[in-house]
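Labels for the chains are A, B, C, D and E, by order of writing; each one numbers its residues from 1.
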Amino acid sequence: MSSSTPPETRDNSAPTTVAADLQDERLTRREGLRGVLSGFATRVRTGDIGSLPVFLGLILIWIVFQILNPRFLSATNLVDLTLQCAPLGVIALGVVVVLLVAQIDLSIGSLSGLASAILGVTFVSWSWPIWLSIVAALAIGALIGYVYGFLFTRFGVPTFVVTLAGLMGFLGVQLWVLGPSGTINLPYSSWIVQFATSWFLPPWLAYTVAGLVVLGIVVNDVTKARRRTKSGLSTGPISFIVIKAIVIAIVAAAAITWLATNRGVSVMFLVFIVLVAIMATLLTRTRWGRWIYAVGGNEEAARRAGINVKAIYISALMIGTTLATLGGLMAAARLTAASISSGGGTTNLVAIAAAVIGGTSLFGGRGSAWSALLGIVVIQSIFNGLTLLNLSSDAQFMVTGAVLLLAVIIDALSRRSRASHGTA
Amino acid sequence: MSSSTPPETRDNSAPTTVAADLQDERLTRREGLRGVLSGFATRVRTGDIGSLPVFLGLILIWIVFQILNPRFLSATNLVDLTLQCAPLGVIALGVVVVLLVAQIDLSIGSLSGLASAILGVTFVSWSWPIWLSIVAALAIGALIGYVYGFLFTRFGVPTFVVTLAGLMGFLGVQLWVLGPSGTINLPYSSWIVQFATSWFLPPWLAYTVAGLVVLGIVVNDVTKARRRTKSGLSTGPISFIVIKAIVIAIVAAAAITWLATNRGVSVMFLVFIVLVAIMATLLTRTRWGRWIYAVGGNEEAARRAGINVKAIYISALMIGTTLATLGGLMAAARLTAASISSGGGTTNLVAIAAAVIGGTSLFGGRGSAWSALLGIVVIQSIFNGLTLLNLSSDAQFMVTGAVLLLAVIIDALSRRSRASHGTA
Amino acid sequence: MTLASEIDEPRASAREPVLSIRNISKGFGAVRALTDVELDVYAGEVVALVGDNGAGKSTLVKILAGVHSADHGTITFNGSPVSIPSPTASRELGIATVFQDLALCDNLDVVANLFLGRELGTGMINEELMEQRSWELLRQLSAKIPSVRIAVASLSGGQRQTVAIARSLIGEPQIVILDEPTAALGVAQTAEVLNLIERLRERGLGVILISHNMADVQAVADRVVVLRLGRNNGVFRTADVSYEDIVAAITGATDNPVSSRSAAHPTEKDAL
Amino acid sequence: MTLASEIDEPRASAREPVLSIRNISKGFGAVRALTDVELDVYAGEVVALVGDNGAGKSTLVKILAGVHSADHGTITFNGSPVSIPSPTASRELGIATVFQDLALCDNLDVVANLFLGRELGTGMINEELMEQRSWELLRQLSAKIPSVRIAVASLSGGQRQTVAIARSLIGEPQIVILDEPTAALGVAQTAEVLNLIERLRERGLGVILISHNMADVQAVADRVVVLRLGRNNGVFRTADVSYEDIVAAITGATDNPVSSRSAAHPTEKDAL
Amino acid sequence: SNGAQKAGDNGTAAAGDASSAKIGLLLPDNVTERYASADKPYFEEKVKDLCAGCTVSYANADGDAAKQQQQAESMLTQGVDVLVLDPFDGKAAAAIVNQAKSKNVPVISYDRLVDSGDVSYYVSFDNEKVGQLQAQALVDKMKDLGLPSDAGIIMVNGSPTDPNAAQFKKGAHSVIDGSGLKVLAEYDTPGWEPTKAQDWVSGQVTKFGDKIKGVYDANDDTAGGAIAALKGGGITPLPPVTGQDAALSGIQRILAGDQYMTVYKAFKPEAYQAAELAVSLAKGESPKADASADTASGVSIPSFLLTPVAVTVDNIKDTVIKDGLYTVDQICTSAYKDACTKNGLE
């Protein structure tokens, strides 16, 4: 595996003023846009490419399904896909945070089911105002997360077992809450059902939002570059910022235009994306996020650094359970019913798998909020594509397994070289 | 938490000949049976007590259920309990090995279902001889484990995702194999069904087996003590060996006598115990077992020590899948049918939970084969006891969750002090 | 055995020690790691804590850092008895510790590790400021780290140790505990760390230095406290004591592998 | 820069080196850890590999141990070119390595770690024999380990290092590589390890010793190879070179923190 | 067939004393709401009525054949005199009957037939019949709507791992295949999960759009998912959708015009019949059955077979309300007030 690297140009004479972070003479120096690209090429060669391979796997899956069924990439189906992704994606986002601190929550399925039951009973049967039902469900979710966190940090009960107990317990509660009436229909006219099924951004609004996002990215990048220069640190070339913004703008505009030929961009999906973006910011830019990674990477080191490790665990578990209830509410709204089987079946595993496929490690400390988005799109694309193929259910299960495996093998293959480069 | 330890008698004058492993003067010296007991007391105080707390939890669970329903500890029910434990216990035993190398197998449920389907189709529909059906199922299980291992070691695909793909894929295969006929009944007269439902050891044989086991333990302990003395190492007092043997003999005799008032000791359960004992020996006494722990504890260190890490991973995964198929065969034999729902439901989580509750770490390198036995007995006792209580299923789920939690909290509580003693 | 009180206290003998521990004992299972240990540290003083492997030095440090709790014994800080139940408590008292096992988060980069628990910036973390400060800190220790934006897992042993030492420079401690800080450091970095220790002393801080390198100890320490098999085994003023005496106290005999080795190799420098 | 061939080869100049590496380069992402490094080791010779932190010493060791693969360059062992794709291959060639990060399995006890991959006994593991041999090995290194039946996670830093060194004594290597073996060791244990190195040399083995302690290097090494920022920066016969020269080669300047420190503290022993 | 066995020669503890007999009730799953909400309470009510001293032990297998076996074992351990068994897996449950037989406990196969000649009685609706009823209603409705005889439909069947689902499917196909209707696509819904049904139907809407003129759906819960998908896909008017179980949510959807029909299996008479039978078996009687049914292996079992009823918006009042399954208040929640008024439910 010792592939020979092409000789790299190396300048031994130290330049007069070099940024503080580029002064070591062992660093391969790369400047300007070409430098960025050649750096990227090196990273691809050495397998240090984050979620790029899963992304390529996704594109491959899309191409294959499109060939097998030309309706796969139709606007209708893509809009459906976005609607299918949102509820489970929100759950997977919570899973990411829990996995980051090297814990696991097996009860996300039961909790999402419980949330739908609470919504059904309080809103429909007891006629509470809808916001109160939602707040109640979320509060119960948060409370459960707190209890998990308490049991884990206080008694050291492994979260695997606590949440397994939760899985059973809250399934029981869900059955008990829905007990007498079974499934409860949510009125189609309530805003929460409308939100989940028929609220779409009008094209002008979608374009405006996308424009603002691109603007935000540019402003952020430029400010950051300024501050780095002021601190005497190296910065990437300005051309790269511009090109990045243009690419994002084009992709966003194309997607919006295409979706607009059908219903458009779903508000529920937008909410999911916004949640992911907020979580990404929290995780990468705030102390809390830094500490989440620290605790997941080395709990003892974090404790010795004076971090309140217990609070971090509790907060992570609370986010996991709260987002699971939120996802459950979204799923119920989309189904327009709170059912006994809500949150059952494969909800648990699919949500966790989405986080893992998106690139979050099961062993803590590695991953990003965006992996929830990427992972759930991959998984739901597989489910959705197979549904369109009209296979018998045995074949469907088999093909799902095979495609899932393929997607991760592509990912793994492109990372394979990493171990031999010593970052394993 | 700094509880003060009682002053310990300490002898500063070095005795004339001290065993090689007791020469350090910082060691609290303990001699004779009292030494063993006081050493045990220290271990209890410091929380270093292995599976003792789960064991106490189990006894508590038994007492409570017995109070709630006096038939719980009846011989009939205990015999049923042993029959219920065996199939899932065998699966959990495989899980232990997989967890020891810090991997996970989510497909054990599907594999056990697949095994029952293979048995049903080949033995009943195609009239293969039964041993051939069994060998075929086990061989397929082993092969699948090999493929998992190959994908993991070659491409580095996380086993969580590989086996999730397996979960779906093999569920599909199971449905496809059983497809046209749905459930296939196994003939009640076939030996495999008889083995799983009505083969019981006659009391004389059960006593003989128990006697031989106790004898084996004594011989083993004495030989070991001899060899230690010969190597100049310390040994425990001979009285302790005798007392241990007597206690085991009494417990075994009591259990056999009690079970014999009903059907007696199930052969299938005995097979499970024997498998656990063999696995325990393999894990603690052979190179392979040592390497399993090494790989689970620090893969890189094991690799640098020249251990064939890939072979270890593959063997562990193969054991996991093979035992899952074996467990599936036992479950099918006990159910006297290969059903499309075999291995579904909670099989996966219950088997993994049994291993974890028994004391095997999800993070690798810690645990023992006996944890499969202990864990499955705890879990099945809960299920069995609750069934006797005649609860509605919502209450049943809730109580299961609560009891599970209680069992692990007892465990965790008694370990709580460990962290403060620095072995965390 | 010589106790702290039996020899002259350094500089101002009337002053109270900043940190004073008495009768500390700690056992792990059947092993008694520490038995009735005492130690005083005065402001503006460097105390070297030396002893053989497994003598209990790091265990003592961990007790002071709030990682372990002592089985019994008392700790007095600035004159009042304290308990140190957690690392946070230790930090709040004003004790900064560099652990022997470094306690870094391998998945985080150098900057994140340096400022862990003390991130700069209001609201959002100010990465630029932190990176700039990191370079300053590391240059001060002559660190040879090519990039501060790589995970510390991929640093060399000495680079990791430099990061751990640099962390103790952040914040305003009263006592700095360095557990074998120079073990993995190169010659230049070691010299910088010794300089740093002297600067700390000049600023009036108390420093506990653990080291197996007697040359380093003799270069910077004011007093040497020897532990042997978990017990106090002598306290010396550095100025008054020879290398051989310290080694004898550490090994518990004047006839030890070091002395027999230097007898066999008379050409070797006596500092070994 | 001085290359190996430019100075006299030790003892038998006609002999082939046991191990000879040429033009080895290795990069990690944007960092070039090693650039065109060469090194020869002869039988019965102790080669010290010295250099600043991050100079690439451990990277070179890991390449020889089969942990990393070089980007380019050749390795010749006993005259024939070899590739070392895995640690097993390295062991089979007859290279025993003590890693700087020790590479112990924290969950296993001392005995299990010592014999990992080389367990004694036919069929079943012979625990008693292994325990007995462990005590012998550890006593030989003056180890102060109270029990060999506790997990190495709970050992002190020096105890862990002793375990790692003791491992290299098991088996029949031709080359022993020790990456900072004495960093965490007490004075007595360090002396024993130096004795051990000399015994290995007498048995005709080639030894590569990495150390930041120049006194140790000068005590046992025959030749000193200096790396600086991933490149060869001189090869010296120990007998011919002074402490200052080596430090100058390591830091790349005669004017370095070490020299300025000894200028400021003329009383300190020159060995620092 | 062995007919009825005498409870008198029951070897277990409570033997002989019919006034304090123990009856075991084993139900298959929780996903279908009828078991907890109807069968269990009605059964217990009737037993209490007939024999005040009798006790009913109840267990629900949560869709797991092995669990059901375990529950049966524990009931036998407790010494029940009669087992009323609604098998999750009719074939696999033969083992339970076998075990019961060895303890001389008679077994009544309830709702689903156990594939064993040792079953004493069978009380049920016919599962295949249910499928036929659903399919027939759909075919007729589509004819009424004036759709061409080869109009397209999609079929949402039950769980691939549920043996009963296969029987519904078989019954439905026996009607649909002969009707000329074109089955555009067909799906077995894993675990009867409504979301799975919803996602699948969304896909079919993408594919076939308003070529979908009717939806065969095996039960009310999955029908809910299917309807949500049709609405989400903007299919107007909604094609007729079938269902089963007369779930409250299904009845409400029928009132609102979203769902065409459901199959009402009068749980009360079924449960009452089983209870009566169980009590008389416990007393040692062997009542005469008015019908018989054949097991898969061809043994004829004395049976009490009830007829399922198709419920549409027109006969809600005469069926579920008349039988007291639901009260008008339960059905006519605020969201369905208008629909109720329109359809004369007040």
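Note that in this section a contact is a pair of C-beta atoms (placed from the backbone, for glycine too) under 8 Å apart; a residue touches a chain by one contact, two chains touch by 3 or more.
The shown structure was predicted, so the numbers you read here are calculated from the model rather than taken from an experiment.
**Student:** Identify the chains adjacent to both chain B and chain D in the sense defined at the top.
**Tutor:** A, C
**Student:** Pick the pair with more C-beta contacts: A-E or A-D?
**Tutor:** Comparing A-E with A-D, the pair joined by more C-beta contacts is A-E.
**Student:** Using C-alpha centres only, name the chain that sits farthest from chain C.
**Tutor:** Farthest chain from chain C, going by C-alpha centroids: E.
**Student:** Indicate the whole-number Å distance between the mean C-alpha point of chain A and the mean C-alpha point of chain C.
**Tutor:** So the centre of chain A lies 44 Å away from the centre of chain C.
**Student:** Hey, how far is the Cα centre of chain B from the one of chain E, in Å?
**Tutor:** 40
**Student:** Centroid of chain C to centroid of chain E, CA atoms only: how many Å?
**Tutor:** Chain C and chain E have C-alpha centres separated by 75 Å.
**Student:** Send over the residues of chain E in touch with two or more other chains.
**Tutor:** Within chain E, residues 30, 36, 160 contact more than one other chain.
**Student:** Which residue numbers or ranges of chain D touch two or more of the other chains?
**Tutor:** Within chain D, the residues that touch at least two other chains are 28-31, 67, 144-147, 154, 229.
**Student:** Using the touch definition from the top, which residues of chain A touch two or more other chains?
**Tutor:** As it turns out, chain A has residues touching two or more other chains at 24, 26-27, 175, 179, 393-394, 397, 422-423.
**Student:** Pairs of chains that touch, anyone?
**Tutor:** Chains touch in the following pairs: A-B, A-C, A-D, A-E, B-C, B-D, B-E, C-D.
**Student:** Using the touch rule from the top, collect the residues of chain E that touch chain B in their complex.
**Tutor:** Per the touch definition, chain E meets chain B at residues 30, 36, 40, 57-60, 62-67, 69-71, 73-74, 76-78, 88-92, 94-95, 98, 115, 160-163, 166.
**Student:** So in the complex, which bits of chain A are touching chain C?
**Tutor:** 20-21, 24, 26-27, 224, 227-228, 230-233, 285-287, 290-291, 293-294, 296-298, 300-308, 365-366, 422-423
**Student:** Okay, in this complex, where on chain B does chain A touch?
**Tutor:** Spelled out, the residues of chain B in touch with chain A are 104, 106, 151, 155-158, 160-162, 164-173, 175-176, 179, 349, 352-353, 356-357, 362-363, 393-402, 404-405, 408-409, 411-413, 415-416, 419.
**Student:** Spell out the part of chain A that touches chain E in their complex, as residue ranges.
**Tutor:** Result: residues 69, 71, 74, 76-77, 80, 83-84, 124-125, 127, 175, 178-185, 187-189, 197-198, 263, 331, 334-337, 339-342, 344-346, 383-384, 387-388, 390, 392-394, 397 of chain A touch chain E.
**Student:** Considering only the defined contacts, which chain D positions touch chain A in the complex?
**Tutor:** 27-33, 62, 67-72, 83, 85, 229-230
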